[in-house]
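Several structures are given next for inspection.
The same subunit A turns up in both complexes below, where it pairs with subunit B and then with subunit C.
Let's look at the complex of A and B:
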């Protein structure tokens, strides 16, 4: 598994248990010089970073997924870590150990010593050990570990990092001949015989096979059978229990040689224990969790909104109007200026407008992760989500999804089980994001006065229901499989380290801007181009919106929306849906543009005479204005308070009077509700699609696209047809029979065993037998 | 109630606040390995910090706190140990 192309640069892998502070150390050593990607073929995050040492030499550090053991029980993360350390791709391994849990972390050390490669042990969180009066005897520990380098550090504060950097200058040693035996003599002898007969297997693979965690290769069946029988004869236990007991005994002896004796009694009351009494309480835990998520929502989206207009307006001034002016001055034709400035520049502007809320979400999430609370939240919610075959960790992304689906999909990384992670990510596009609320508000202002709140609430609930039904279907289709009951370590509560939180959030944000942004920019060039150009006088030219490709295409598409009561005269609403496939925020914006009949607007004026200075000044002024709104909105993060007040609703949605009049003339209450249902459920927006593609791969992203579009069309059409059944019973009956047939065919196709194998092999990144 | 042997009870029947010894774990090798990684193995002595209840149970082994979901309550058998004597006032002041 090569790390990077070419060069004699040494590669060092960081290995450690979850919560050992491994990633904090990685961040402290590499700073911003990191690359985040996926391990080949799977969706587990792969982080590597450059470390320049004092001598000027450069190292490549690879941050392996946190694992308790390399042998079994840990899923995809563990497979990756094991394959990597066995491959010999790293020139040395640094194991990060929480000195407060030395004995347990030494179990992983035992496995690494088994491999026999260069190993350096870093004892992290020495400050906490100091405070407890539990400082280890480093010389005794080195001796017990065969003379390998053992360094004390506090990664969060940077203590001991200079010594670590110094130690990394040279190749660090392997355990020498003085390493005490890793197993009791009886077992050691059996393992030596087995090793001699199975030299083609890696040391860890051999142990996994012996312990029944991997299939026995046919050519070695006899050797493993004899070894297992010999272990039972010698110890009276099966191989797995005997080897585990031997490792625990070794870890216990090694830890007790290095640490003062610790009482077996429950330690005295600590802050962690006192807080957990409330946070994990069966009754109080849930409201506390909801309160924390409310704070996440408010801080992420309301605080993000303070800067959102600044990012959007200033980037529009520079990348749309400014770029358009330069291109026009360079003599490019109108349509290409529209394409490059309005399309690509507009796409960049949209990406940047997402940066503030997403950055705040990532900051808040990283702080929660560092604090130790997320593990508690998973435990609190587990009993509710278990019914759907999902772990409690699935709740966090769903709540974030109410603000924006993109960070919600990225937050599914906190879900450990790969099946559950795919399901949780595919649920996110149904969570009603803030962009969809703008469309609801505009329609509520016209059609649902007096009961707008109930309609919007019903739409939110429908979204949640669609997400839950999707989870249920996936569990009974391609993602069938046994649930993994929750078992997790609850780390002690800690104040999040600022540097670590910022770096963690920055890495995630960079991935969003660079990878998701590319897709948005390209789609932007297509979708923002369509309203500005049309086939006029035998060629593509800049034109008014009525004669644009968008108008021509939307009129043709209205036939598809006929079952939900939308006729050709409502093509602007269809155009809104087409543009909304790019980003849901523009649905109302596009309708505004169309209903105003932009015939009098000069589309190129903003490029000919841009007022960039004034636009930038105005953009800056939005920050204090939105800051005041932030304080006002603390009690209403989703903006429901505007519903019921027509003017306020329209203003919040950004709809002008022409749009409201246009909607009132074209829709009935029922067709408006069907349209809103469609807006809620149809295609994930371009950025959500890009996030799904990145996190789950293209197959699941396209599945989400087709599935949500079909669900939206069938459900919205059925609501309208049922509501107008008495007007055209035969037509409605035909529709309903068609829907039923589609559902039955889908159900048959969905549960075919071939799909399950396909999901196992291609999507989850593992073979059906593993 | 799943009574495994006269002296053993399932974890779901153990009492909060008491130390227990893990005596049997009836699950797949992979899941046993997962528990081993967390420090939970046959013979471990754990303190029950919270539960057992509808959520599951929170155990403390040494200084490590482990949360186990409800399905574990019926597959782990434990033997209850007598509670250690409460710390004296002088010990509390230390």
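Let's look at the complex of A and C:
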């Protein structure tokens, strides 16, 4: 029955195989009116969007995860899609079909017809079928599908979308009585009897149970046993094989009825085949992959850097200095101005400063995904990553992590297996991001002259090693389980559609800004408040940094860092670590402020007499200046070129002379290296924590925090204790015995079976038995 | 029932074959062949083996080595180093 314009909003589910163009169609129909979230209790992305039709009616489109089948072998994505289509939550289902692979896609159509609900078939990529001379006979196909609506489209170019929107105006029909039988008569009769006795089960759940893909409910044991025996009796095959064979036969017959006969001489996608000869080549594939990743790094971080200072400086002018001025004028006390402007406003500024590199990363990734290359990159890397129990798709986030861990964690969505996705995300905080490079550069300028490059390289390698060890541990602990073989479809190469790429990137960016940003802003208010206020005269008041909560806390904390050679006099370095938990970029900045003893005064002066106009003009001018640097930095996307040159290192790190002198006075080469190891491994920054929390849930985010903190403390302490063993052998020995004991206890605890159940239930979103 | 699923099974029962060989033997496109293989893998009826070519059979089974040689002898393209073949395990079933 048609729904009136004022009636309740209809819900339409989009279903289809991976790479059928389902998401492209979703983007084309809904544009920017989308919401991205997670399906309840799991980390699989849920996308829904509003579609306003020409009549003014509004539809809600739900983009279900891409699946080849709704019955078995497809993991979490499949469970979600099956539960949704069976729940009756959708008023109709639109299946998106790649017409170039009609027979394969019809296997899913068979399952959807089994549901018996309203179904509309969209034949996508008709342009490619036209080019191959393989246009289907739409009337023949409609007839074979019981008269349901079948529409040809090219989602990338928007062809056929007007007809689709028109079809969506009304409730579309179910398959009628003329639908040819989905199973041979003998099987159909058995299924009818079973259906009558198991009416409480969904049609797909009934098939799954009959095929041995789901447990038989105790009350139906006899019914299913009899049905299985009857199928073996009639067909001579197991029920699972006979039913699947019937679906394959139906798909083949239906495709043959709709498609013209294929000439053997007809070349199929020679453009794709020619490219694949190089891209999938066992030897050439790897360097090509590295080249593409290099381009990704350059594009994301060098191009992002052109706009990063503009975003940071202009938002600081408006949300920190401007807001501070307004609040001061309103008569608020200094410390609350510091909290609101410096903290919340500063948090907003930090979030916005991440926008350019993240936007470029997502744009580039979306283009790679749309072009068909990303699937091939995963295939190329799979043989290396398989040894870690990870699919080849895990490589891409790891490389992005060298620039920034936040987009890297969000890029783990390209990893389909939920266990592998959790592992890949938990590896990211160990990839040495560009913010940590700033700290390395400052220390290299003071302590490692002449061999700074080797030290920084060793730190990068240590980070990679820590990530690999983490993956190994997780595979032997709570995320144990059979490796899923990489089953990838390699779609033909296509030019990425601009609209689709921009929308895809925008969706991910919006998630970062709105959800991750909220956490950063709140943590920013807390952490950036600490250097400006202290416990003075029995109350919390604005004070200089020496008497601030940060200084008091950092002095108290130095005892924890004693095993790595850090004494109370180096409390500014500890304060840097505390603030660095918020964002690693500020480690050197906080040390600058402390060593100069003037940060607090400078901040309040900026609030009292802000030069917002001048700051905004200066922010705009950073764009052409960084644009000129872009070409110069093409060969050095990570900024290694500054290592070895003391002045350039210090300048690149943003460290001033007071900081360099302070570091030189307080550290030795060894304690400096131990400190850098700690910086590399300790807590993920607030943005990374927020991204982990969003992608994996709170438990894994807290696990990452505790695990990385413990790893950093034990490893940095051990390096220092081993290096100074001859000076205090008994103390060093005690430390090393303690580390060994902690490792052994951890290993015992880690391997307990209870953790596996916990991971299954809380992280992967299902019980161990399902 | 003349189902593509059973055609793949029948072809595999004649000896280990790669995806491309199976697609040729059954007249299916490679995507449908891959899905048929996925069904038989899920049912535990086939095993994936690696044909490394006649010069490097260290890790492969005799069956895969023979299949690799036969493929070359029949004038087909030599199997690439990473090409997987599929071996039907349930030989007794008729």
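Throughout what follows, the second predicted complex is superposed on the first by the 751 of 770 C-alpha atoms of A that agree within 3 Å, B and C clash if a C-alpha of one lies under 4 Å from a C-alpha of the other, contacts with A are read in each partner's own complex, and residues count from 1 in each chain.
In this text, contacts are C-beta pairs under 8 Å (C-beta built on N, C-alpha and C of every residue); 3 or more make two chains touch, one makes a residue touch a chain.
Since the model is a prediction, treat every value here as computed from it, not as a measurement.
S.K.: In the superposition on subunit A, see if there is space for subunit B and subunit C together, and answer fit or clash.
M.R.: When both complexes are placed onto subunit A, subunit B and subunit C end up clashing with one another.
S.K.: Which holds for A:282: it touches subunit B only (first), subunit C only (second), both, or neither?
M.R.: After superposing on A, A:282 lies in contact with both subunit B and subunit C.
S.K.: Figure out whether A:244 sits in contact with subunit B (first) or subunit C (second), or with both, or with neither.
M.R.: both
S.K.: Which partner chains sit in contact with A:143 here, subunit B, subunit C, both or neither? Use first/second/both/neither.
M.R.: In the superposition, A:143 contacts neither subunit B nor subunit C.
S.K.: With the two complexes superposed on chain A, say which partner A:375 touches: subunit B (first), subunit C (second), both, or neither.
M.R.: first
S.K.: For A:272, select first, second, both or neither according to whether it touches subunit B, subunit C, the two together, or no partner.
M.R.: first
S.K.: Which partner reaches more residues of subunit A, subunit B or subunit C?
M.R.: Answer, by number of touched residues of subunit A: B.
S.K.: Quick check on the superposed pair: does A:386 touch subunit B, subunit C, both, or neither? Answer first, second, both or neither.
M.R.: Touch status of A:386: first partner only.
S.K.: By the touch definition at the top of the document, which applies to A:72: first (subunit B), second (subunit C), both, or neither?
M.R.: both
S.K.: For A:724, select first, second, both or neither according to whether it touches subunit B, subunit C, the two together, or no partner.
M.R.: Neither partner.
S.K.: Can A:252 be said to touch subunit B (first), subunit C (second), both, or neither?
M.R.: Touch partner of A:252: subunit C, not subunit B.
S.K.: Would you please give the residues of subunit A that touch subunit B in one complex and also touch subunit C in the other complex?
M.R.: 68, 72-73, 101, 103-104, 107, 240-241, 244-245, 248, 282, 383, 485, 487, 489
S.K.: Give the list of subunit B residues in touch with subunit A in this complex.
M.R.: Residues 19, 29-43, 45, 47, 49-51, 53-56, 58, 60, 62-72, 84, 87, 92 of subunit B touch subunit A in their complex.
S.K.: Help me check something: in the complex, which residues belonging to subunit C touch subunit A?
M.R.: Those residues of subunit C that touch subunit A are 1-6, 28-29, 31-32, 34-36, 38-39, 42-43, 48, 80-82.
S.K.: How about subunit A: which of its residues touch subunit C in the complex?
M.R.: Touching subunit C from subunit A are residues 68, 72-73, 101, 103-104, 107, 184, 235, 238, 240-242, 244-246, 248-249, 251-252, 282, 383, 485, 487, 489.
S.K.: Of all residues in subunit A, which touch subunit B in the complex?
M.R.: On the subunit A side, the touching residues are 17, 67-69, 71-74, 100-101, 103-104, 107, 211-213, 240-241, 244-245, 248, 262, 264-268, 272-273, 276-277, 280-282, 285, 375-376, 378-380, 382-383, 386, 483-490, 492.
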